[in-house]
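Given below, in the form of C-alpha cells, are the structures.
Both of the next two complexes hold chain A, though its partner changes from chain B to chain C.
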Partner chain A sequence: MSFHHLDQYATTASPITRATPTARVVGTVTLACGAALLPLGAWIPLLALFTLVVFIAAVAHLPARAIIARMSGPFVFVLVASAGLLFLVPGNAVGRIGPVTISDAGLERFGFVLGRATVALGAAVVLVSTTTFPQLLGAFRQLRLPVVVTTSLALAYRLVYLLVDEMERLQRAAKSRNAGGGNASRRRLLIGVTAAGLARAFARGERTHRAMLARGYQGEVVALESLRWDALQGVLVAGLVVVVLATVLFAHVAP
Partner chain B sequence: MAHIPDGFLSAPVIAATAAVSAASLAVAVQRSRRTLEEREAPILGAATAFVFAAQMLNFPLGAGTSAHLLGGVLVAVLVGPWSGMLVLFAVLLVQALLFQDGGIAALGANTLNVAVIGGGVGFVLYCWVLGLTGDGSRRRMVAAGLAAFASTTLVGVAVAGELALSDTVPLVPALAAVGGGHLLVGVGEGVLTGAILALVARSRPGLIAAHGTAERGLQPWAYVVLLTSAGLAVAAAYIASARPDALEATLRGLGVSDSATSYLQSPLAGYAAPIGGAWIAAIVGVLVVFLVIWTFVRFGAKRRVSS
Partner chain C sequence: MTPILAFEAVSFDYPDGTPALERVTFSVERGEHVALLGPTGSGKSTLLQHLNGLLMTDRGVVRIDGENVNQNSVRAVRRKVGLVFQDPNDQLFLPTLLEDVAFGPLNDGKRPAEAEALANRTLQELGLDTAGNRAAHHLSGGERRLAALATVLVSRPQVLALDEPTGDLDARSRMRLVRLLRQRDETLLVATHDLGAAQALCHRGIVLHHGTVVADARLENILADHDLLERSGLAAALDD
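The block that comes next holds the complex of A and B.
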C-alpha cells in the first residue's frame, strides 16, 4: 500500500508549493474556519470564499479533474450526512419524498451546509495535493504541536503502510481458509486479523524503538529539513487571514 | 457521524468545543509526561498506525450495513487514558487534513467527542465497571466492552447536542438519528473491543496488564457512583416530561408513528407499574439493569488474573 499518488502535485512548481508548508496549513485552517463561521444564508460571502479557494487551486496549477476526484469521496459522505436536514428541520412544506416532507428551512440549511463543506473540503484538498506528509509534520512542529503528538505521527507514518499491508495479507490468508463463510464467520475473521495486527503493530513499535535508541534517539524525531518563513510569505498569509476575516465580518454585519 | 464534517457547527460551538479540547489535551500532555517514558513514544506511534489501519476495516453488521472500529476505549486500555487521548487526537488531525474525514474547523468538536469522551470518559467507565466487579482477566474484557458501548453512545449524544446547539437540527430528531445510530454502533464497538482485547490478552497479556488495572480503593467509590446514578434515575422518572421521546417525536414528525406494532404486553408498559406508578417502575428498571450487567460481568467472567 502507498499514499504516494496523493503527493503527485506536491512537486509541481507553483507559488503555493514554494510557500512554506506552515503557511499552507495556516491558510487552509483560515479558509475552513472562515466558511464555518459564516451565518446561515450568507450566500454571497460563501461564494466569495469559494472563489478564493478556486483561485488558490488555479495558482497551485491543480487540474480541476484531480480536485473533483479527491473531493468526491468526502463530499458524498457530507451529502448523505446532511440529507437528514431536508426533513428534520421544521418549516413550511415545499415537497415530499415518499412519506417524508421537505421543509423550506431544511432545504436552505441543507444547501448552506453543503456550501460550507465544499469550501472547507476544497481548501483541504489543495493542502494535501501540494504538501507531502513529512512537510505536514514539519508544519505541525513549527506550529508547536505537542512533541508526543508529532513524534507519534512521524512514527505512525513509517508504520502504517507496513501495517496495512500486513493486515491485508492476514485477511487474504484467513479468507482463503474460510471461503464461503457468512457474516458471522467474516466478523470472527476480521476480529482475528485486527487483534493480530494490533499485536504486530506493538511488537514492531518496540523493535523500532530499540533500533532508534541504538542510533541515538533521545525522545524526539529530528527533521533534516528546517522550515523557514520569509517576509513575502508572511504578508501573503496575513493578507489571506484579513480577507477571510473581512468576509466573515461582512456576512455578520450586512443585512 | 462521530467525525462531524465542516459546515454543520456554529461559531460558538466550534469555539467552545475547541477550548474544551485544547484544555483536555494540555492536561493529557502534562499527565502523559509524568507516566510516559521516552521509550513509549514509538509505542504511541504503533498505536496511532494501528487505529488508522483498523479504521480501514469495515465489519459487516448485517442487513447490508457495516461499521468500523472507533477504538477509543481499546487504545485507552492499551496505552493509558492520557496517551490514548493524544493518539486519538493525532489520528483525527491527520484524518481531517489528509483524508477530509471530519472537518478542519470541527476538529475541536471531533476531538472532544472521539478522544475526550470516547477515550477518556470511556476509560473512566472501564475503571468504574472494574471497580464494581473486581479485577480479573475476563472481567477486563467485559468491562472494556461495556465501556466501549457506553462511551460510543455518549459520543452520539454529544454529537447530537453539538448539532442542536449549533441550530443545525432540533435536539429531538438529532438525538433520535445520531444518538440512536451510535447506540447501535456502540453494540458493535463493545463486542469488537472486548473480542480484540481477549485475543490480544492471549498473545500479549502484558499489553493489557500494564494499563488500566482497577485499584482496590476504587471499589467503594464505584458503589457510591452507582447508588448516586440509581437515585438520579429514579428521581428522573418522577420529574420526567410526559412529552414523546426523541424517536417517538421523529416518527410522529415523519408521519409514520401509526405503523408501530406491539408484539409483547409488558407489565411496566409506558414506565407505569401496576402498583406505585412511575416510582416503582423506575426502581424496578434500575435494579433489573444493574442485576443483568452485574451478573453478566461477575459470573460470565470468573477467571482471575494470575499476577
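The block that comes next holds the complex of A and C.
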C-alpha cells in the first residue's frame, strides 16, 4: 500500500485531536447546521462562523493548503449546483452572460450559499483531517447511528483500501508491459484496470462474506461498545453549541 | 474415542460441474497436527471449507466431534472449527484489528465488553497488543497473517484449519508463525504446499491429488516417497 495520506493529520498532537471524536462530530454538525440556519443576508454572523472554523483549523495545526485542497472537490460541486441561482432568482439586472441575465438578488443568494458551503465544508474537512475513520465510526456509534449503517461504512472503508491496492498492482503490471504510452492508450489502460478491479472487488466481497460466515456471522451485525463521554469534552461541545446558537439567534433578531 | 473430525466418502462438485473432491475419507484425532498436502487446485481449500459448513454436500458425511455438519449444526460446528483463510485480507474486513478480532465472540453472543477483553487477550498472546487500534492496511504481511490467526483463536476453537498459512511470508515471519503454531494444543489441519512448514508443524500428512486422497501416512514417510511426490505434483515443492 503506497498511500497513507488520508489520516496524515489525525496523529498531529493538538487540542482538537485530544478532544473525543464524538465531540468533534457534534462540533462539526453544529457548525454546519448553524451556517444552514442563518437567514439570507446575515453576512456578519456567517463571517463569525467562518472565523470560528478558521480558528479551530489553526488550533488543529492544519495547513491552509491542505484544507483548501480537500475542500476544492466538493466546493466545485456546490458551485455548479448553485450556479442557476444567479439567473433564476428575480431581481435587478447587474450583468449578462450570453443570453441570460444575472440579478442582484440571485448574486446575493449565490454568494450566501457559497458562504454557507464554505463554513460547512471547512468544518467537515477539519473533522475528517483530525479524525481517523475508525474514530469517526466510534463517534457515530456513540451518537446511536444504526449499527448496520456504521458496519456498512466500516466494510466500505476497508474495501476502498483493498481496491486501491489492487488497482495499483494491476496498473503496475500493465505498465511493466509498456501499456499506457499515449493518451488513448492510457485511457484504454484505465478502463481495463477499472473493469478488472471491479471484478476483483466482487470476488473479494464473496470471500469476505465467507470469512464472516466462518466466524459465526448470521446476518445480524453486532459492534463493540462505543466511546464514553468525558465531562470536560461535554462542556466544551456545549460551549460551542451555545456560541453557534447565539450567532444564529442574533442573525434572526438583529435588524 | 470419537475422532474430532471425520470425512466419510465425501464428494463435491462445483456448480459448473467440475469435480473438486472425490470420495474423500479420513479422520483426525483430538490434538493431532495434520498436513493436507497437494498442489494448487488439488482440492485442499475446498476440503477445509467443508469443515465448518461453508460448503456442504449430500454425497458423504463430514463429522465434527461426532456431529454431522449440516444446516442444523452449522452454528455449533463453527464454534468448534476455526478457519484461517489463504488471503488474510479476506479475513480482516473491519477498520481496526481489535474490531476484527472481537467479531467472532460478538457473533457468538458475548457482550461487547467481554468480546473486547477476549480480543485484547488474544492480541497480547500473539504479540500484537500494540496493533489493536491499527487498520489492517497498516500492518506488515507477517503481522497480517498473525492478525488473521488471532481472529480465529479468540473463539478458542477445538480445530484450527489453516489454508496456506505461510504463503507469501518472508523467512523470519514464516519461522515466527511456525513456532507459534507448534505450541498450540488444538487439533491442527494445515493445507499447504510448503513442505518445510508442514514438516515443522505436523507428524502426519494427507496427500490430495485431483480431489482424491492418494496417501495418508506419517509425514516423514510421505516426504521420503519420491514417486508419490512426483505423481501428486509435490516434487517441485520439495526442491524449493
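Here, the second predicted complex is superposed on the first by the 190 of 255 C-alpha atoms of A that agree within 3 Å, B and C clash if a C-alpha of one lies under 4 Å from a C-alpha of the other, contacts with A are read in each partner's own complex, and residues count from 1 in each chain.
Basically, a residue touches a chain if its C-beta (ideal position, glycine included) is under 8 Å from a C-beta of that chain, and two chains touch if they have at least 3 such contacts.
Computed from a prediction, not measured in an experiment: that's the story for all the values here.
Once chain A of one complex is fitted onto chain A of the other, the partner contacts of A:A214 are limited to chain C, with no touch recorded for chain B.
In the superposition on chain A, contact is made by A:R204 with both chain B and chain C.
Within the superposed three-chain model, A:A195 lies in touch with chain B and out of touch with chain C [touch as defined at top]. When the shared chain is aligned, chain B and chain C each come close enough to touch A:A154. More chain A residues lie in contact with B than with the other chain of the pair chain B and chain C.
In the superposition on chain A, contact is made by A:F133 with both chain B and chain C. Touched by chain B in one complex and by chain C in the other are residues 133, 154-155, 158-159, 204, 208, 212-213, 217-218 of chain A. Of all the residues in chain A, the ones that touch chain B in their complex are 6, 25, 28-29, 32-33, 35-37, 40, 70-71, 73-74, 77-78, 81-82, 84-85, 87-90, 99-101, 109, 112-117, 119-121, 123-125, 127-128, 133, 136, 140, 146, 148-149, 151-156, 158-160, 163-164, 167, 171, 183, 186-187, 190-199, 201-206, 208-209, 212-213, 217-219.
Interface of chain A with chain C (complex): residues 1, 4, 133-134, 137, 154-155, 157-159, 161-162, 165, 204, 207-208, 210-218, 222-225. Contact residues on chain C toward chain A in their complex (touch as defined above): 49, 52, 54, 75, 78-79, 82-83, 85, 87, 89-96, 98-99, 102-104, 106-108, 112-113, 115-116, 133, 135-138, 151-152, 155. If you check the complex, the residues on chain B that touch chain A are 1, 5-9, 11, 14, 25, 29, 32-33, 36, 38-39, 41-50, 52-54, 56-57, 59-60, 62, 69, 78, 83, 86-87, 89-90, 93-94, 96-101, 103-106, 167-170, 173-174, 177, 192, 195-196, 199-200, 203-204, 207, 250, 253-256.
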